[in-house]
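One chain, chain A, links the two complexes that follow: it is found with chain B in the first and with chain C in the second.
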Partner chain A sequence: MKPEAPTPDEGADSGRRAWLGVAAAGLAGAMLAPGVRLIEVAQAATPGAGADARVRWGMLIDTTKCASGCSDCVTACQTENGLPAPTRSTDVQWIRKVDIKEIKTGRQASLPVMCQHCAEPPCVDVCPTGASFKRADGIVLVDRHTCIGCRYCMMACPYKARSFVHEPVTEQKPEVPRGKGCVEGCTLCVHRIDRGDKTTACAEACSKAGHGAIVFGDLNDATSDIARRVRDLQSRPLRADLKLDPGVRYQGL
Partner chain B sequence: MRTPTDTRNFWLLLALGVGVTGIGVGAAHLMELHGHVITGMDNQVVWGLPHVFAIFMIVAASGVLNVASIGSVFGQPAYKPRAPLSGLLCLALLAGGLMVLMLDLGRPDRVIVAATHYNFASVFAWNVFLYSGMAAVVVVYLWTMFERRFNIYTQPAGVAALIWRFVLTSGTGSIFGFLVARQAYQSALLAPLFIVLSFAWGLAVFLIVQATMYGWNKQHLDPAVRRRMARLLGLFVAASAYLVAVYHLTNLYFERQADFEAFVLRGGGLYPLLFWLGYGVLGSALPMLLLLHPRLGRERDILAASALVVAGAFAWLYVFIIGGQAFPLEIFPGHQVSSSFADGAIAGYLPSWPELALGIGGLGAAFVLTLVGVRLFDFMPQDDFVVAADKA
Partner chain C sequence: MRLRLVLILSCVAALSAHASEQSGRTPQPVIEKARAGSQCIAAPDVMRRTHMTLLQHQRDATVHGGIRGAKASLRGCIDCHAGAQTHSVVKASGDFCVSCHSYAAVKIDCFECHSGSKAAAR
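Let's turn to the complex of A and B:
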């Protein structure tokens, strides 16, 4: 069969179709390429660099050594993480000093309260998008990319350990990304731990001030200072009745 | 027949509704631009007035469908012609409530994240499915009612909507019920309490809309139907009051909850006032009198009672949501506590105008959807005209 010669109109049509095809392929390529490139970048990250499940990071706070009126741990946290000093109830507070007085006996104590890095964290349970998560090494964090700012974790936290960023953020630290409209809290200086440092900013400041009321370390390492102290001395978590198994324990309460 | 006055009034009301919704969306835009610092919310009261509006609308959306359920599931003839309007109001209130909830997020631009990332341990994540599923079930339900060929499926669709509604309101109650940390919540009673509250709030909204539609068309509801619906609302209000009382009484029985109860019921300033006067007297006792007293129950009594039930709902939700957060977390029982983060202190909260505008904007959106729906489709309960005309 002899193929029919295309009419001039058909020729123009097929030319246009071919051009449209090339244009569509070009457009698709332009749109997909950055994504493909990102996948490459993501896959290029060091494999196996995740948190170590054998470790349980935690803190022991000795309330008998914590000085009333001293807030060096709070200041150090602010400096380390690029947080402004709080002046209003809308400002974030990752760590705060709490003064308590037993009503019956009048016994007083002063202690820092921050995210307690629970093994059974209610904030992780309630987070609708999974932005609140617990690392294998027990550190509870907020994924700033998937937090939608619903504040349900703040409703669920028994320790008032989370803050909502009510205003645009300025002067961020590159290793501590923050953002307006998201919830945040103590990260247990995860950026320090991940680069191999052995302590948090608050614990370091407390030692520097000569109090040594905050001991940071691996609760799972039987030879560590914190594990030894937790074993030998009486300490307890806050709101022990909730059985959340916090990584932060208090001595002398 | 639509008169030119009708048409003019429709456009005027539509403009009003769109205007109110627009102001709400504008307020949300301001909140997104400046952050929640322009609201009265802070790190103590993290859910404010928008949640009061949103939860009212979502709970009422579930309850308003009760009218349809009584008609198509339980076969009550007086309620059957009201089923389509009930479905429309459910969709409208759900949309209004979700609009407020979504726009009050810290990152409303990340709604796509909420739709693609799920943590199935979270009651909030369940609710994303429950709310969207509810809308889908009600649309199918309405379709079976409007399309004569599908009328045979109305009952099964109605049963599905009834079950879905129960689960949805249980889910809404459980948002609070699962919060073990806070004195105000952490109660299994909240799921059934929210279901019963939804009956009252939903029926009250339905009766207000129905009375407005009849008034617009210069029609009168058949007195027998009116009495039945009034008695039903009275019953729902009484049942709600009973469960609210049980919730507080169980709390009062537990010594550890005594301080919280003393705060919301006695010493908490605005909160006891809203609870006793707003919810107790104006939102419960007075409506029950208007609805159940043999000499009352006239058209205007029912309308007033319904409006009071809605006002009482707002008062109750304000005490429940905001009062519940204003009371400090008890991290150190038996201790006096103070800190820079308001530990141990009652939190103050003053709603700002953007929050109020956003909440009212949600009501505006529900109003617009209802208005347009009623105009475009046949949602007017028809049979009563015949009954009323016969009796005239």
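Let's turn to the complex of A and C:
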């Protein structure tokens, strides 16, 4: 996805962010000495700011644009996170495609379902060790260092969004550590977000395929594309009756 | 009964004989030099004693707080200390982490989930 230039109506903050992005990109290429780049020195000295509590990351999925046979988002997720393609029902699955049909009218829809990154996550409520947690920016994650693999969170999740790793894992991606005996699920590409990227692997693949059914962004930023769409168009969370306030919303369901 | 006593005594004698010539019997860890031109975050004696504490403290800040690129990071260790041949800290028995840990008989759990290979080598 091409980075967008800031529009004049965006706040001073986003303008500054864009400038910093450009500045960082320029610095990244600057070599101090052979093999030592300025960005490495900067990274060693100052750690990243971390998850921002003013941000609420979310996704808006337009089911009218989501194509029934397409599973590009699922493939992109597997590639990004180093997940093997599932061959058995017990294999891990962070995102899946669901086809639904209203029996009375025959209307069909196709949609991806992944961790809905609830504001009131039941997986966090039931976790006995505190391994299942919500980050300040609304991303629900599993801390694999403290996960004991009890799978209570899998039982608690109404979206069946989490999987258990049954087999030993090798050849993990350096930025996505994962292993046997832990529960895991969609991380909203947290390693990309912390890097400063503005999109997830699934959203990127969806727009690359020409569907553009997944919009990722900051729900709290009134000027963001997702906030504008959520405000203007009718969308709803899955199982709204549970009042979990998910960060993922669906349009055209 | 007497036979067992003799056996035990001979074992003890054999062990004490070996203890005196220990340097030849115990394989010393091979410590491969870090990537040329890199500087470790602390002195070698500090790192040898406290690397596990530094990493454990940092992992919570990273996982829960989303703070990346801090001073102590496992990726940082791997990037400098990955073996020249294997591009990994755990693949071969002579690689940086493995050689010391097998000498000290301390199991490393890190690499059951984390990749021990350098990012560029993948």
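Convention: the second predicted complex is superposed on the first by the 205 of 253 C-alpha atoms of A that agree within 3 Å, B and C clash if a C-alpha of one lies under 4 Å from a C-alpha of the other, contacts with A are read in each partner's own complex, and residues count from 1 in each chain.
To be clear about the criterion, contacts are C-beta pairs under 8 Å (C-beta built on N, C-alpha and C of every residue); 3 or more make two chains touch, one makes a residue touch a chain.
Every value quoted in this text rests on a predicted model; they were computed, and no experiment measured them.
**Q** Give one of first, second, both or neither to describe whether A:R88 is in contact with chain B, with chain C, with both, or with none.
**A** The answer is first: A:R88 touches chain B but not chain C.
**Q** Who does A:R195 touch here: chain B (first), chain C (second), both, or neither?
**A** second
**Q** According to the stated criteria, A:C127 is in contact with first (chain B), second (chain C), both, or neither; which is it?
**A** In the superposition, A:C127 touches chain B alone.
**Q** Residues of chain A touched: more by chain B or chain C?
**A** When the residues of chain A touched by each partner are counted, B comes out ahead.
**Q** Of the partners chain B and chain C, which touch A:D72 in the superposed model: first, second, both, neither?
**A** neither
**Q** In the superposed arrangement, does A:M155 touch chain B (first), chain C (second), both or neither?
**A** first
**Q** Please indicate which partner A:I100 is in contact with in the superposed arrangement: first for chain B, second for chain C, both, or neither.
**A** first
**Q** Classify the contacts of A:E184 with the two partner chains as first (chain B alone), second (chain C alone), both, or neither.
**A** neither
**Q** If I apply the document's touch criterion, which positions on chain A are contacted by chain B in one structure and by chain C in the other?
**A** Of chain A, residues 145, 168, 180, 182 contact chain B in one complex and chain C in the other.
**Q** Please name which positions on chain A make contact with chain B in the complex.
**A** Chain A residues touching chain B: 74, 86, 88-93, 96-104, 113, 122, 124-131, 145-152, 154-160, 163-168, 180-183, 238-239, 242.
**Q** Where on chain C does chain A make contact in their complex?
**A** Its residues touching chain A are 37, 41, 59-61, 63-71, 75-76, 78, 112-115, 117, 119, 122.
**Q** Over in the complex, which chain B residues touch chain A? Could you list them?
**A** 32, 34-37, 41-44, 46-47, 105-108, 110-111, 113-114, 117-119, 121-125, 127-128, 175, 178-182, 325, 329, 331-332, 334-343, 347
**Q** So in the complex, the part of chain A that touches chain C is made up of which residues?
**A** 33-36, 43-44, 46-51, 133, 135-137, 141, 143-145, 168-169, 171-175, 177-180, 182, 190, 193-195
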